[in-house]
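Shared between the two complexes below is chain A, which has chain B as its partner in the first and chain C in the second.
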Partner chain A sequence: MTGQAGKKGILRSMIEQTEFILVIMIVVMCILLSQLNEGFFTSANFRSMSRGFAIEGFTLIGMCFLLITGTFDISVASVMAMAGYVFTSLAVAGLNAWLALPVAILVGWAIGSCNGFIITRLRVNAFIATLATMTIVRGVVLSISQGNPIRLATAEFGQFSSAAIGGVPVMFILLILTVAVLDFMLRKVRWFRQLYFIGGNENSAELTGINVARMRFVLFGVIGALAALSGSLSSSRLEASVPNAYVGTEMKLMVACVIGGCSLNGGRGTLLGAALGLAFLFLLDNGMIMMGIDIYWFQGILGVFLIGVILVNTVSAGSFGRRGRGLGKSRQG
Partner chain B sequence: MQRKSLAVLVLGLAMGLCGVMTGGAQTRTPAFAINGEIAYVAYYTTVPYWNDGLRGMEAAAAELGIKFDRTKNFYGPTDGSGSEQARIIDELVAKGVKGIVVSPADNNSILSACENAMKHGIPIITVISGMSNPSTYYGELGASNFNVGVTGGNYAAKLVNGKGKVGILTIPGVPVHDQRAQGYVQTLAKYPGIKVLPLVNTDADPAKGQERAAALIQANPDLNVLIGTDSVGGAAAARAVKEAGKVGKIVVIGMDRDKDLLGYIKDGIVTASVASKSFSTKWMAMHYMYWILADKMQDIGPGITDVANKIPPIPLVSDTGTMVIDKSNVDLFIKALSKK
Partner chain C sequence: METDGVLSIRNVSKRFGGTQALDDVSFDVQKGEIHALLGENGAGKSTLIKIISGVVQKDRGSVFLDGRELKVRNAQQSRELGINVVYQELSLIPDLSVAENIFASSVNMNSMKFMRIGNLGSDVMSIVEMLDIDLRTPVRNLGIGAQQMVEIAGAISRKCRILILDEPTASLTNEEVKILYRIIRMLKDQGVIIIFISHKLSEVFDIADRATVMKDGRYVATDRVGNLDENSLIKLMTGRDLHDMYPPKGDSPGAFALEVGDYSGSGFRSVNFSLREGEILGMAGLTGAGRTEFCTTLFGVQPSTGGSLRLFGKDFAPRDVLAAMRAGIGYLPEDRKQTGVFMQMDIKENTVAATIDGIARHGILSAAKINECAREMIGKLSAKTGLLRDRILSLSGGNQQKIVLGRWLLANPRILIVDEPTRGIDVGAKFEIYQILRNLARSGMAIILISSELPEIIGMSDRILTFYKGKVSMEIDCHDPFLEEKIGCGIMGSSFRKSGEAEA
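Presenting the complex of A and B:
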């Protein structure tokens, strides 16, 4: 009897986990898609998806951290474009790509830190501040480039995205390792656990001695640097800097975080959940092509799937767990 | 006497030469001065596609004595929003511009804004595509977008001997792209050995376009033609084909002549691009605008001008044609880019 109750408890606990629900949905989707199209379950398809996933995944880390603390950054797509431009331009000018990359990341960090300064020191709303940065940075990169892409199709430049170990892209391996380490730290390390306190109740966090402004300032710098890394890796894959690219990436990342258990109000979510959310979005997009969905239905069906996954999460949390908490249970530090 | 005749002849020649020179100078000084702004409203304005057209507008404006500067007179949303275009046109009318050249994002969204502009005496000319109600503008200029698809479709079909599977990357909901895609679809349907797959949306984003083109290639191992209805789609197709290691196995047809697309033609990854004549289209549009504002055409009779009497002063449709860029002529286009 006690054993059965224990098993039920474990099952209930698993179902309450957003990550568990997402894993189930991802597995089901993979099985369905592999039945519908033989091309889905191929190494080439997963290699292609993992490259795109890794590129956006690095910025996702920053977005997840910010959302946990109850804020966000919508300028990441513009930072990606700017960093891609800096990285490619320097490489075209003859600078070794390994040296150009840190310069681009530094530019991203500087933009992110500016956001952090405006938000934490000048007390400007994060939406307004990052919206302004988004516009300014995009405007600058478009003005400098006149909208023209800079193409650089060399092996040295392309290696950042094409390098692979046993067929698995190196950047994907690096992302998985980074997510695993940071997710562990979010659960176990004090500094990272404080992010949940900030998101849960900013004033209480301050009263307990946490320097909320400083932590957020650091995080905005980090997301800027990560967005710059994403932009540089994407330029390497595109063999070009495309100044008008990545529009809407910030929304995609925020949706991925929310699907993965983050709350727009802060204080909730895990990095693993966010990464699974992004994986789900990539699979969904890929699956729509695999299924040959009509182009005019594409967006609508995508939206229906998104609502579906949110509902499944809500129902699983509502039926088995804490009612009225929105998404499924996620670890909260 | 002979000396006198020679002097008269020299004088005459000199006067004639002066006349020619003066006459030449006069053709560069327009008889009618436009004191005000001619605005150009487009969409997805951050796409480099517009650069050639803006160059054409600037060149025509300089010739006609009109001030046109792409940094000041070029407007439009960074996405494909027709409602945003309508708002911009309304603002331009309120601002009191002299004329508006517009590339409509869709067939209907800006109809009332254009109608309002025309009521205020501000001529509207559309470039690239027209709209569902031709009474809301004087005329449209551009390559027949449907024919772009016909040209590209026949070109691709010939390359694969009328057999194979074709994928098309486009931006749905934008009339220009819808018409091009339909041109391709209907042309390729005439080849019984060719199967056209459902269209794929690039969202005008190179990264997203590459991701989706890659998925299309994996979903259809026997795909042998990949088409982009714009430069983003063409370049995305090229990158996906290269990444999948299928260069030479998949024929890639692009559109327009952006720097990276030309690079892929040079490298032999993109087979060809069907390019609209962006410069001449906008160059002509600026001239049309000048003629409308000057209102010198007198089709009813002497002294009775067209515009003042509601006679169409310009053709309703002016097809400005296309050009095919392939490995044989791509160097010329790449060389031209360095001069811009």
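Presenting the complex of A and C:
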């Protein structure tokens, strides 16, 4: 009896899923763009988009994990720039590409772990702590590079971004596989599932035997490493490091996560949703370029979009329109 | 009939989705009356209040004030009509001063651009005087009780015809409750209609003139408080007798589950006692007497500073929460909202939160297993829930508490600490939780019960420890002829002398 009711519920809940809505939005967007511009459905365009998507996608994974636990890291863009700088400098110094990449990632992990230490041990608010590292790291990159890009001379370093199987960039394939595996793990594996409990209620999580501080510390290290990977891949693609680039990436990633169902309060969202959210933003971006709309509008549209998504969430959560004091958390009885 | 100053509720109905929250409710509240609104969680009290204050729109029926129908579209409008609600959750701004907070809720943006402290009304001033607080103090620095008073001061600084208090005393000390009573009586003398919701029946007899009981969204009865007693009220609310409230005590406790020797930590020192399987050990004491601190230390939340623990005959030193859980200890935290439920999450995940380790096989979770565990526990505790994937916030306080309790039962502890297990839940759910706890003890679990409600401690415990300033001041058997007097002395840290000398 209950089992049947449960099954019916699953079907309905599929339609209610954010992911489902996002897939529809993406399909509609694709159809729309292909009608408006014949350049859209070309392999060159998709290759370019998938490269950009893959680069930011790795950092997105870390951001999504953090948001699920109810926190975030705004220093990722600076870490990307720093890692790109390390990566290219090592190339110029003549190091093997397969050694340069891990070193860059290690640097990112170290910065992320610093964040983790400041936040979990020194108990500094995540916004302040990562704002500080964002500024410091950016400052360091800009001063040692004097703001000048370093050109990648060796083709070897370009292979990370240019390698492709059947026309599909390898890094895109890798990202999709990683997202698929991690999305599954977020749903099914205990360690990952506990991220939701931390986001749901830190104190309760602590009292059910979850080591909240340790898990957060690990996650900040991970997002640092992932941002470094993104930065290195980006430098590989651009064949240069760009010390002042990527500004605003953290916001874009957070918007993608929220569109995909995450909440800044934590405890909600899926990696699949976040990835679809980012895909949608890429299509939006791409579409605007194709249609010759000034790309500076993208920022504005991003903001409007964010508000729209949050409004939709509030309405569906049923708390819209219930103004007044303390009624957001309505109680029964 | 005299309609001046009367609030009449006539045939009000409201439906939320599948539930009939209010069904044809009618009653009157007189001018200058303190009217208690009683009922279990889910009886419809909150919905009714929200309809009166315009936060929720009714489906049918009408509300009259002074014989004129009230048509309130939102909270703003209801305030203009002089209807003020003080909710349990405070809405103060911690860093602003008392004066600014009082004004924040009353100042009309159109007419007043600057705030002047001197402009407080005389009612507000008399509240502030009663509380003896400086208007310039930031609210953050006040105790929770004083904050509640500031909230009330804010409410009456506006035009106030009707004042609705939703469980105003839940977080107040006895002293603060007395001040609150004086404020309420002062307003009553001015002819304000006061509607008072509380789960503490003793307060209803202290302060209310009449009481209205609701049950399952329907009106049950209204009567003068003088014609009622606790037993008849509970019967009206739950259909159950007070005498059956507490299950019979346990008989023969088993082997030692826990032996505590000179145990010390932050907030308590040199605690000595033992706990047997099948026993419910009550811990009485004032807030801050060290009961919660002792229990959370035992549960590995913070380190101890000395002494020894023996768990089932073996030495035990909890390194962290996980270690304590693995050793067979469970802890139902005191504050459900802050440290109990995972608010954003659904019912089944809340149920399995503490056993997620055991449910996972090689670290991988099975949805079917989670459902099965959650369903089994919900059935066992007869919690009233919707779908397992509904959010836990959709449940009433009592059912939320059952879920959090079920979380610990799934972990199958041998020692269960329950810290204020019935705080803020209705009489019916209380009764069920008492039954559950006693049944657990019967099956051999050792239970430590922390409670601030003396009747609960006395009704449930086989043995009682009183805490005073971090130490165990007295150990009392439940059959002791001077049980209540002794507990009273133990809590206050005085020694017990027979027959009425205790107070000297």
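The rule we apply is simple: the second predicted complex is superposed on the first by the 281 of 333 C-alpha atoms of A that agree within 3 Å, B and C clash if a C-alpha of one lies under 4 Å from a C-alpha of the other, contacts with A are read in each partner's own complex, and residues count from 1 in each chain.
Here is the rule we use: a contact is a pair of C-beta atoms (placed from the backbone, for glycine too) under 8 Å apart; a residue touches a chain by one contact, two chains touch by 3 or more.
Just so it is clear, the structure is predicted and the values come from calculations on it, not from any experiment.
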item: Partner chain in contact with A:263 - chain B first, chain C second, else both or neither; value: second
item: Which superposed partner A:209 touches (first chain B, second chain C, both, neither); value: second
item: Partner chain(s) touched by A:191 [first = chain B, second = chain C, both, neither]; value: second
item: Contacts of A:34 with chain B and chain C, given as first, second, both or neither; value: neither
item: Partner chain(s) touched by A:248 [first = chain B, second = chain C, both, neither]; value: first
item: Contacts of A:142 with chain B and chain C, given as first, second, both or neither; value: first
item: Partner chain in contact with A:201 - chain B first, chain C second, else both or neither; value: second
item: Interface residues, chain A side, partner chain B - complex; value: 37, 39-40, 42, 44-45, 48-49, 52, 55, 138, 142, 146-151, 153, 234, 237-240, 242-248, 285-286, 289-290, 292-296, 298-299
item: Of chain A, residues touching chain C in the complex; value: 2, 5-6, 9, 13, 188-191, 193-194, 196-197, 199-201, 203-209, 211, 263, 265-268, 322-327, 329, 331-333
item: Interfacial residue positions of chain C with respect to chain A in the complex; value: 40-46, 50, 53, 55-56, 74-75, 85, 87, 89-91, 105, 299, 301, 320-322, 325, 331, 333, 338-345, 349, 353-354, 356-357, 360, 363-366, 371, 375, 387-389, 393-397, 407, 426
item: Chain A partner contacts - residues on chain B that touch it in the complex; value: 44, 46-48, 50-51, 78-79, 170, 172-173, 197-201, 203-207, 210-212, 214-216, 218-221, 235, 239-240, 243-244, 258-260, 263, 267
